[in-house]
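In what follows, structures are represented as structure tokens.
Next come two complexes, and both contain chain A; in the first it sits with chain B, in the second with chain C.
Then we have the complex of A and B:
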């Protein structure tokens, strides 16, 4: 339960988060269904929407930034995200450039 | 896998036969002694199923000392084989196995458990806690580590050891080039131990964040606690990569997938990449706690607060980020693009900046301090110049273009021994001697300790300094022999003498443990050195009672115990005791881990039915654990009063 609902306020945060989530899903859906872009472009667009939506859910619904440990949890999540990006992008870079590119 | 009996148990080598016989006799002696003195129940109740962080810490350290012995013997065998050209002490196959196990054991089964043991014992005390956040998990961590270690160690007498180096590079480590069970041992043993390490990472990360005593904000934590926190963060992010990489190679070897193989669409270089994505942060996992230990010791024996505490914190946090950005420097020569090599070259050099900051901070901590030259302080003092030599040669190796010359030579071998021994091993010795009275209630003999220290550091430099020049002379690593014409004889012989000096120093250290156990005076207070600064010294007796603190201490600043002594406060003498909640012992972790070990042992030999039965067994123990509603017990006020009265006598 968020603090807002405890105090009896209307849960605006959840409603807004819910609406944005639906919008993001619909846009991603539309991109895949009604555009004739190349499939890799569509993949990238969907991926970006997915990451935005995941972040949205963590912040809006799952109280990541709230409470006494909010800052810590957010910081660690961002650090984890950073490490994941470094590992994936770094590995992709290494495996597709240089001599390795020629041998593959 | 069709194995003949004589292929299952390794036969035909006198060295291995000797080891088999001594292991057999040793096991019989231990079992006989335990039965004769009726100690089985004691062992089970007081140690094997204990969730007390202090006992687990001691068990970690004992295992690590055992592994230091085993890995050290491996090292001495390598140096004996290389002492003179054309030696026939080890054949090339045996030599490959010995250097592979030497590397794995020293990093994963010696350095890590040694540091985790010290962390286990000291960190909960330093943050003023009564145990870790998840005591059950702590016991499970220990047993998975122990079973992984045992599985790895039996490889040399049953089935054959891994022989593809500690890095197990594919395609060499694939079935095609390394048939037989050795490499399977490597994969499964490290996998099991790695699970334990990951759990330790989560456990201590949560412990430090959530269980600090009243008043201890993050910026009031001791430096050892800080380095532990950051180490655990690195473990949490680095070890999953190892888990995945090992699992993929296991699939390749056991189930015929083609991920890292030369056949099919396999890419052997991906293994190298993934291994070092984990492997480089791993280096910082074993060095950061060492930095913490030296910080504690230097500030204690210089009688000064650590210089530039904030800069220290910032530099370890920076190191934790940079440690994930440098992994390619382990394989500059693999054929990466020039852009990639340049990028990782620069990040690698950048990491020497926060490390340099720390070196200066230690020097400034000692500046104008009144230094006591105790044995732990000597180890800490020796660390600084030796580590700088290792660090400077590291910056030389960081230059990608120059690395094409140094790569895979003894220059590299010497570099990483300089950083790992003078960093981690010195810290393990220093930390163990420094906290020894906390663990066992008496100090180690200073005189014998100083002998061990001097012989070790002289031996260390005699062993590894010549190897820089051997490397520059072109001697490659991992060769089992060389010829007179190569011109490496003299330096190799000197190096071997140094190795045996280190072996002698280790023996003296062990003698010191036995001697001090018999003759050292017993400590009467919690502050054995009289100079303690942090809360681990604030306990009422020299070995803390099992609940650590009768009353949880309150903290107002850095070096809280020093403050208390200055102000003449003894918070532990407060008489208003309350019952203390403590966790119960647990038997499932050891059972679960042993089943894991048995299942993995089956998989090593492709006996899948053992793996399947073992897998079911693991699930059964997990289910048993989830129906375990035991939530601990209370230590009564009477018992606390009695214990504290005894301690304050």
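Then we have the complex of A and C:
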């Protein structure tokens, strides 16, 4: 395990992850509040920033990919996110596209 | 450690006992369920986002400065929590406790601002029953805030145990698991910040 050999070393990985997270947060903030692009363009851009930042947390801070069960854990978490996307997109589509009116 | 077989002395402390390793993997499964839980709340929020009724819109209520303070507090606490685990892997018990206490203070600051925000909204007449939009806002944010509060209590208890028993494969895996929980709450917050606050201030 490579972590053991890094004993006492400066936590570069965490600091780089933290700085990138702050940068992504500020850029997303600026994109949302200080541009006059359409709201759907802004949403896609800042959602990409959010996904990058979430991946950064999972891999750099939560050590998702390391250890004997790293593959299992990563697969499980990605499946969790897949389920989340299906629930969110599916619900939004169903509730806003007019299907509700058909049965009433 | 009579129950623990397959001990790997080269792995970080939290992975050294089989129980610790399996607990960590098991906790990731729990986090998968948490992703599903929050996805249902996000789904409801998106579906009901436009249903503001007679109440105000997000744009009229959100304050950019407050949102940034809360985001930075939680993001920094996630970073200090990561440093605590870094110290744990250097076998520095004191370092773990100090960085975890900093994490908890930042987390408590986050909760303080969230409570301030909620109380402020209620004073302005925006409550759980104002509109479908605000119902989902309070439920989504409240569920996240409740998780952070539970995390603070849990980590305080773990730190007391750590101070008493020292860094062992057992306590190390517990501290590592609590760090996973804490980082996960920041991951959820990234999406609340993006989808609820930033998009709320765009519209």
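One rule holds for everything that comes next: the second predicted complex is superposed on the first by the 76 of 104 C-alpha atoms of A that agree within 3 Å, B and C clash if a C-alpha of one lies under 4 Å from a C-alpha of the other, contacts with A are read in each partner's own complex, and residues count from 1 in each chain.
Here is the rule we go by: a residue touches a chain if its C-beta (ideal position, glycine included) is under 8 Å from a C-beta of that chain, and two chains touch if they have at least 3 such contacts.
Remember, it's a predicted structure, so these values are computed and weren't measured experimentally.
By the touch criterion defined above, A:67 reaches chain C but does not reach chain B.
Contacts of A:28 after superposition on the shared chain: chain C is touched, whereas chain B is not. Touch criterion met: A:97 reaches chain B, while chain C stays clear of it. With both structures placed on the common chain, the touch criterion links A:83 to chain B and to chain C. In the superposed model, more residues of chain A are touched by C than by the other of chain B and chain C.
After overlaying the two complexes on the shared chain, residue contacts for A:17 are found with chain C alone; chain B is out of touch. In the superposition on chain A, contact is made by A:47 with chain C only, not with chain B. Chain A uses residues 69, 72, 76, 79-80, 83, 87, 90-91, 94-95 to touch chain B in one structure and chain C in the other. Those residues of chain C lying in contact with chain A across their complex are 8, 10-12, 15, 21, 24-25, 28-29, 31-33, 35-36, 38-40, 42-44, 46-48, 50, 64, 68, 71-72, 75-76, 78-79, 81-83, 85-86, 89-91, 179-180, 183-184, 186-187, 190-191, 193-195, 198-199, 201-203. On the side of chain A, the complex with chain C involves touching residues 1, 3-4, 6-8, 11, 14-15, 17-18, 21-22, 25, 28-29, 32-33, 39, 42-43, 46-47, 49-50, 53-54, 57-58, 60-64, 67-69, 72-73, 76-77, 79-81, 83-85, 87-88, 90-92, 94-96.
Of all the residues in chain A, the ones that touch chain B in their complex are 69, 72, 76, 79-80, 82-83, 86-87, 90-91, 93-95, 97-101, 103-104. Only residues 209, 233, 237, 241, 267, 269-270, 273-274, 277, 321, 324-325, 327-328, 334-340 of chain B touch chain A when the two sit together in their complex.
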